[in-house]
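Next up, some structures in structure tokens.
What follows is chain A paired twice: with chain B in the first complex and chain C in the second.
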Partner chain A sequence: MGYRMDQAGINRVFNGLAKEYRLFAPKCFEYEGAFSDTDSIHYGEVQTIEEIELMKKSNHSFKDALLPISETLFYFTEDEVKVADAPAKGALLFLRSCDLHALKRLDAIYLQNGEKDFYYKRLRDKIKIVLIGCEQAFESCFCVDMNTNRSENYDLSLDTIDGEYYLNCQFREWDMLLKENALEETIVMPKHVTETVTKVHVPDNLTAAVAASTMWDEYDARCIACGRCNFSCPTCTCYTMQDIFYTDNGKVGERRRVQASCMVDGFTDVAGGGSYRKKHGQRMRFKTLHKMLDFKQRFGYQMCVGCGRCDDVCPEYISFSNIVNRLDSATQEVSKNE
Partner chain B sequence: MSQDINTKKLKKNAFRVTKVRGKTASRIRIPGGYLPASLLSELQDIAQTYGNGSLHITSRQGFEIPGIDFADMPTVNEKLQPLIETLEINQTAPGTGYPAAGTRNVTACIGNRVCPYGCYDTVGFASRIEKAIFPNDLHFKVALTGCPNDCAKVRMHDFGIIGMTLPHFDENRCVSCKACEKYCRRKSVQAISMVNERPVRNEEKCIGCGECVINCPMRAWTRGEGSKKRYRLTLFGRTGKRNPRLGEDFIKWADEESIIKIILNTYDYVAEYIDRDAPEGKEHIGYIVDRTGFEEYKKWALKDVELPSEAIVYSPLYWHGPKYM
Partner chain C sequence: MNNEYIPFSSEILEVIKHTDIEYTFRLAYKGEVRPGQFFEVSLPKYGEAPISVSGIGEECVDLTIRRVGKVTNEIFEHYVGDKLRLRGPYGNGFDIEQYKGKELVVVAGGTGLSPVRGVVDYFASHPDEVESMTLIAGFKTVKDILFLEDLARWRQSIEIILTVDCGEADAVCQVGLVTEHLPKLKNRNIQNAAAIVVGPPPMMRFTCLGLLELGYLESNIWVSQERKMCCGIGKCGHCKINDVYVCVDGPVFNYTRAKHLID
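Up next, the complex of A and B:
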């Protein structure tokens, strides 16, 4: 069912939903950007529609709500273990179509790839999705080429037109709450983009042979291995484990997992002091082919959803979409050498 | 006809006696060295019409237009009016040029209007200082720099203002990538060490350069001061003949309001203690402080100043540098 709402109405709806859910949405954190007097847009808890940043793309994605940046799994004493509590409330995630496709990829890794992940599942089971409609693509978006520009599997959609809100509800239980606070019932279709400025083409004949291309060498020097591309990516799922012994009492502690990046030093370190991918270009190659080749071979669809965040956040102006577009000539280069 | 010029008066009007007899130069202060590009054509016009067609970019971020006839000074002053108005220079009467030349132009690096390392808007702060201290005949030099790199070389000034970032750490956003530790160690003062996979900042050691914040990929490190900027204030660096020296730290984590107040208080102090017989009535503040002792200066400087709780005041201060007399 579709609804038209004013600001007061939608905030009453938020208020109602807050009884059961924590609302996570892209939010502007003033003065929290990397540079002075700049803001940061990332996910955070909101109470009202005004707090949600609907005009700009967030640098980090919704994934932080499902795969917390740093998550304590359990606490241990000398002979006991206590699993960390999950939040009592569920989570309502405000995200765009590309991100909703990214959620499918997170599910593939954490729920359909062998044993289900206990910590992911307990958060995942209690989320609901609010799809933010996209009137037009941001500069770095390439969702259309990745086929992620449309989504239908949302619980609620949200579009803003002339200061009013248009919502389409697909979760029946909320209809009463929405109806009570709406100006009117109407037919609503969430907006989606059909064209992007940035375009990518993944070659059909792409194989792992492209790893031998010289194209990767340039990133040895250009990339600083900061990991921003991974941390901002809604489909990167890697984490690392940390067992911490509290400094005041070395016999108790906690295990936590934190988001990890295949671009950052230490990711491929192994016992004995080895490291598989030392060169930054090789890390770039690994990341690119994981996103555009390996994942698809396993799950049948591309991992990258074309949100373009990696391009937005790279301090060295390395464009991942450009790397993808170079794969064609790199493939030709490699086949000539054979 | 031989010229009768009051050189004392023209100097206070930001002209100068040059080595070419009969010719003066107009000295144009640009607070913070930042100006709308459109004003350059005004300068070009003055230089080509009244000067010798050349223009010097001064060491204090101003312009000096040489080769002007003394008789043209009033016209040049009128021509300077659009500049003075656009740059919001405090003036006594419109059309009369720059009203004083004792206190020198407040200089600044580009700061956070452009530079990623800048911890604040240096030019904006420079303009606010300009508003507070001009016009003034006393010989004061104030300079601002965006971060501890000190590209503006503020430690060679009476008042050196160095931008600082008070880092705030949110452990829930940390992924232990060690970027902060690495950049602090390699580019700054090694104030961060990793404890239990997370960075711990040595507050005493930290110089507030902001490298941890700039290089954190997670926004775990942020600028905790928000809009309330923090600064290091250094005192009484100087160049010159007798004892050139670098300014010494006076306050770490000072705020803008306190710094302006301290500078204004220093004017009162100098008015009280300056050597009345000093040549041209000009004496560097540092020499006055050498005479009265630092404690006396500090008493004047901190009068009615309310520093933020985290501020650290250093005392006593000892300066160094070669002594030629």
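Up next, the complex of A and C:
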């Protein structure tokens, strides 16, 4: 069912939903950006619609809501282990279409690849989705080429037109609450992007053989292996285990998992000094092929959703979409040399 | 729902010292486990490390641990009666059935002998289940040799080529890299010759190439990979190579698949 609402109405809806859910949405954090005098847009808890940044793309993805940067798995004493508590409330995530597609990728790794992940699942089971309608692509977006520009599997959609809000509800239980606070019932179709400025083409004949291309060498020096691309990516899921103990009682502590990056030193280090992919170009190749080839071979669809955040965040101005677009000539280069 | 991350406590039943930095910890464990599988072994405060199973008993498993990192350093401070935390077993492990009736060679480098020890032990006890069985085990020096007692016992029923990279040859031990000894393999029917190769990456690469040169079929060669693994259940991403997760799809791979994996 669709609804038209004013600001007061939607805030009353938020208020109602807040009884059961924590609302996570993109927010503007003034002067917290990576560069001087810039703002940072990232996810945080909100109470009202005014707090949500609906006009700009968030620099960081929503994934921290499900996969915290650092997450305590359990607490330990000498003999006992206690599982960390989960938040009592569920979470309402405000996502653009690309990010909703990214959620499907997180599910693939955490729920389908091997055993289900206990910590992810208990958060995921209590998540509801608000789709933020997206009318126009941002400069670095390439969702259309990645087939992630449209989404249907949302609970509620949210579009802004002339200061009013248009919502489409697909979760029946909320209809009463929405109806009570709406100006009118109407048919609502969430907006979606149909064309992007940035375009990518993934060659159909792409194989792992492209690893032999010289294109990767360029990134040996240019990439500084900071890992920002991974941390801003909504589909990167890697983590590292970390034990910490309390300074006032060294026998008590906790095991955590912290987000990890395949671009950063130490990602492949094994005890005794062995490591793989020492060159930054090799890491760039590894990441690119994971996003554009390996994941698809395993799950049947591309991992990258074309949100373009890695392009926006790179301090060396490396463009991932450009890398993808070079795969065609790199594939030709490799087949010639064979 | 099952929480795979919670380790259980396991008592150290016995500590067998091989070298200054390599001990086998015999740990209490009841349950199904295959050679080549691994456990995440941990000590709170120090973290977890994936360690492959080097022996399987009725109510115990052996973990042969090399003292080379933060976790393993601390494990070496623990003795009989103490407890380690475990979770697992993880990974596919070796399928003994695949090697039955074959002319089997196991080529192991250093601690690479641990994950295949169970396979060697099985066929050394059941030599009639293979056409022939040879173990080529290479170590850096005589001081680094692991499982000396096992090697002496196995020698009674299977062919053993024990070799060290540097040192002097004697009655039991030869000198040279494992690859140098491959031509000594005498196969009656190369189509039926199978090989398991485990060790450091360059050793595995050149051993596989050596075996292929001898005419071994790619599909008859198996390798076991070692990678950093934080979860053991396909989540943490550290062990991913191409579209493969070593922890859930491996660590044992047939060469037809392994040859395509590019780190």
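Following the convention adopted for this analysis, the second predicted complex is superposed on the first by the 336 of 338 C-alpha atoms of A that agree within 3 Å, B and C clash if a C-alpha of one lies under 4 Å from a C-alpha of the other, contacts with A are read in each partner's own complex, and residues count from 1 in each chain.
Here is the rule we use: contacts are C-beta pairs under 8 Å (C-beta built on N, C-alpha and C of every residue); 3 or more make two chains touch, one makes a residue touch a chain.
Since we're looking at a predicted model, the values are computed, not measured.
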{"item": "Touched partner set for A:Ser40, first chain B, second chain C, both or neither", "value": "first"}
{"item": "Chain B versus chain C as contact partner of A:Pro68, first or second or both or neither", "value": "first"}
{"item": "Contacts of A:Lys126 with chain B and chain C, given as first, second, both or neither", "value": "neither"}
{"item": "Partner chain(s) touched by A:Gly227 [first = chain B, second = chain C, both, neither]", "value": "first"}
{"item": "Touched partner set for A:Arg12, first chain B, second chain C, both or neither", "value": "neither"}
{"item": "Comparison of chain B and chain C by chain A residues contacted", "value": "C"}
{"item": "Which of chain B and chain C A:Glu32 touches, first, second, both or neither", "value": "first"}
{"item": "Chain B versus chain C as contact partner of A:Ala260, first or second or both or neither", "value": "both"}
{"item": "First (chain B), second (chain C), both or neither touched by A:Thr268", "value": "second"}
{"item": "First, second, both or neither for A:Gln242, with chain B first and chain C second", "value": "both"}
{"item": "On chain A, positions contacted by chain B and by chain C", "value": "240, 242, 245, 260"}
{"item": "Residue ranges of chain A in contact with chain C within the complex", "value": "73-74, 76, 79, 81, 83, 109-110, 113-119, 121-122, 208, 211, 237-243, 245, 250, 253, 255, 257, 260, 262, 267-274, 276-277, 282, 286, 289-290, 293-295, 297-298"}
{"item": "Chain A-touching residues of chain B, taken from the complex the two chains share", "value": "112, 116, 118-121, 163, 165, 171-179, 195-197, 210, 213-220, 222-223, 226-227, 229"}
{"item": "Sites on chain A touched by chain B in the complex", "value": "29-37, 40, 42, 59-60, 68-70, 226-228, 231, 240, 242, 244-247, 258-261, 264-266, 313"}
{"item": "Chain C - residues contacting chain A, complex", "value": "1-7, 9, 42, 44-49, 66, 68-69, 71-72, 200-201, 226-228, 230-231, 233-238, 240, 242-243, 245, 247-248, 260, 262-263"}
